[in-house]
Amino acid sequence: MSSAVSCARLVIGRDLRLAFRNRTQLLHPLLFFAIVTTLFPLALTPEPSQLRDVAPAVLWVGALLASLLAIEFLFREDAQDGTLEQYALSGRSLTWLLFAKTVSHWLLSGLPLALMSPIVAYGLAVSPAAMPGIAASVALGTIALSLLGAISAALTLGIRRGGALLSLLTLPLAVPLLIFGAQATARAIEGASLVAPMYFLAACAVLGLTLAPLAAAAAVRISLE
Amino acid sequence: MDWTWFHRFGSPPHLYGLAGRLTPWFAWPSAFLIAAGLYGGLVLAPADYQQGDGFRVIYVHAPSAWLSLMAYTWMAVAAAIGLVWRMKAAHAAAASCAPLGAWFTVAALCTGMLWGKPMWGTYWVWDPRLTSELVLLFLYLGYMGLRSAIEDPQRADRASAVLAIVGVINVPIVRYSVEWWNSIHQAPSVMKFGKPSISWPMLTPLLIMFVGFTLLFVALLLVRLRGEILRRERHARWVAEVVAG
Amino acid sequence: MSAHRLSGDSLHVFRGERHVLRGVSFVAEGGDYLEVTGSNGAGKTSLLRTIVGLVHAESGRVRWNGLDIHADAGAFHAQLAYLGHESPLKADLTPRENLHFAIGIRRRVGGDEIARALAETGANGFADRPVRTLSAGQRRRVALAGVVLAAVPLWVLDEPATHLDAEGHALVGRLVDRQRAEGGIVIAAVHAPLPVAGAGTRRIGLTLQ
Amino acid sequence: MSDFLSMGGYASSVWPSVALTFGIIAWNIVAARRSFAAARAEARRRLAVEGSP
């Protein structure tokens, strides 16, 4: 239905416009990603061959924590200023509206992380040939991660100091993404075929696309009760 | 279809009374079965040809691991029922499952480590089964953390129910991903748990233990369930009658 | 326009341990204004949130045109405008942008329509300033413009005149009366009575439990 | 008997496992009963304070 699409466009449009009025906030997760991945060579070794070995782990743990940082703010402001309440009472499907919100969140956090990951990987002595594979795997993995994070963010709404709890809820659920994502990156670095791990990541993303907005909508309704 | 039985069954006073009456019927058989299974497993069953007597840890490890997964599944099912039908008693059951499941996850982890020591020469190896048990423990802790962080008891019930359902969908995926990860990184020198060659004298005590542990779990669940029902129904008239009597 | 009817029958609501609403009943039909009064903490907001369906009553039902509101919540919400005691506005957007996004989700709305509504609630003068620079009363006017723009039969307003000056109170009264004249229903929780026409006005007094 | 206790050299694995599992079971029995008793006591206390509803 076209009205559902225009609804989603409005939700995404609002989030993007708000984000660009607060550009510096968008940079925080990216800066975090850059700094964390800088710490590893300093703690470990500048030796390129060793850095290449740990690059998948560093990239993925860094990306995971950086997007976790962003997820904390996914619904927070909307909950405080009453926007979520209005969404829930708009007569539109809350599931659909939250799906649109998650899409805009990915555009603002997952996609930039994916675009930045080749730069970070270059710093970890990864050859440029591996870059497209790495960026693609981070992009795909962060889709699933944003969806998963939407559930946890909705569940922790209204909890004081919910940040640590948010990590406790999200990280165990994100274990499969970490495994498949890091594996995809490792294969990209080796020059091997990415098909298997990318296929699993895509499966996780599809599962998340179908179920996560439903769960997030249920959680938001509970938080409004 | 007539659903009155369902609502009667779910009505807190009915369930409270039923749980009280049923508890001994689960508790005593479980004590008997666990004693019998333990005797069978530690004394009667022959030693494994590869692992000698070391395999006997399985008689406490496997039932604990089984309960850790079963408790999570039951918790999610109860949570879903509570969420869909707004049934307080189902939320009470879900709340009762969590600490029990978490404890049996701890038991499965620790016995797995003790079993691993003679096999691997170290307590901790990133074995897929141990790793997924560890993730399961984190899931339990997250669930209990969310529950205790929300002050309003009804919201806590409903929010944690959503988490339990998401978790139960995730558990098989975690399990699969961890096994896949392990199959890639497997070092040939690491010895895996040799599958004990299954023979009836070995298997029978194990099956008895499985049944005994399951009954034990139900008995513990029923006791906790009664407490959780009382906590949710404090203001109800029937509670006053039950407690005063 | 068919006459609308909203009713609640002996609603019981718990907030945590507190039994805030003990058997509240009401009926409102097209043209009615229902005023909910009571001291702080008496459950005014809880009642309004139960009526709009955010809070589920422990027992009792709210019915819209005879149908339980939870039976088809989407259809009910499409006919409802709710204003909480916070004005639901984004601080970094202007009033015009806020209304464009908020109302656009509900229905197609043009810029001239938004301008008219803003003029009507006296928010024209600051329609293009970021909301963060506005006073609480000015924000309230923008939020009221949103309620008008929703163009729905049922308004549920929590302290609609809060932060507003005397002229603002009169404005709220006028808006409510016009909504009623068009066959709509207005339910508002208030501290001071709104200046509205007397006929068709009813009060629900809540006492602190 | 000492053969049985030595578990063919695996005593340090088998016995702690058994002890730990039964320790956890015992603790769970105690904790479950305690949780029920606490809920009951709490309900009774409220009844004493508020009187019959």
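Here the chain labels run A, B, C and D in written order, and each chain numbers its own residues starting at 1.
Assume a contact is a pair of C-beta atoms (placed from the backbone, for glycine too) under 8 Å apart; a residue touches a chain by one contact, two chains touch by 3 or more.
Note that the structure is predicted; figures quoted are calculated from it, not measured.
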Legend entry - Most heavily contacting chain pair (counted by C-beta pairs in contact): B-D
Inset, instruction - Look at all chain centres (mean of CA atoms) and spot the one farthest from the centre of chain B. - result: C
Inset, instruction - Using mean Cα positions, find the chain sitting nearest the overall protein centre. - result: A
Inset, instruction - Find the geometric centre of each of chain B and chain C from their Cα atoms only, then give the gap between the two centres in Å, rounded to an integer. - result: 48
Legend entry - Gap in Å, rounded to a whole number, between the CA centres of chain D and chain A: 42
Inset, instruction - Report the inter-chain centroid distance for chain A and chain B in whole angstrom, where each centroid is the mean of the CA atoms. - result: 32
Inset, instruction - Determine the centre-to-centre distance between chain B and chain D, using the mean Cα coordinates as centres, and give it in whole Å. - result: 15
Legend entry - chain A residues counted as touching two or more neighbouring chains: 225
Inset, instruction - Enumerate the residues of chain B that touch no fewer than two other chains. - result: 154, 234-235
Legend entry - Residues of chain C engaged with two or more neighbouring chains: 56
Inset, instruction - Give the pairs of chains that touch; include all such pairs. - result: A-B, A-C, B-C, B-D
Legend entry - chain C residues within the chain B interface of the complex: 14-17, 19, 56
Legend entry - chain C-facing residues of chain B, complex: 86, 151-154, 234-235
Legend entry - Contacting residues of chain B [partner chain A, same complex]: 83, 135, 138-139, 141-142, 145-146, 149-150, 154-155, 158-159, 162-163, 165-167, 169-170, 173-174, 176-178, 180-181, 184
Legend entry - Residue ranges of chain C in contact with chain A within the complex: 52-56, 74-80, 82, 84, 86-93, 97, 101-102, 104-106, 108
Inset, instruction - Please give the residue numbers of chain A that touch chain C in the complex, ascending. - result: 6-7, 10-11, 13-14, 17-18, 21-22, 77, 81-83, 85-93, 97, 221, 224-225
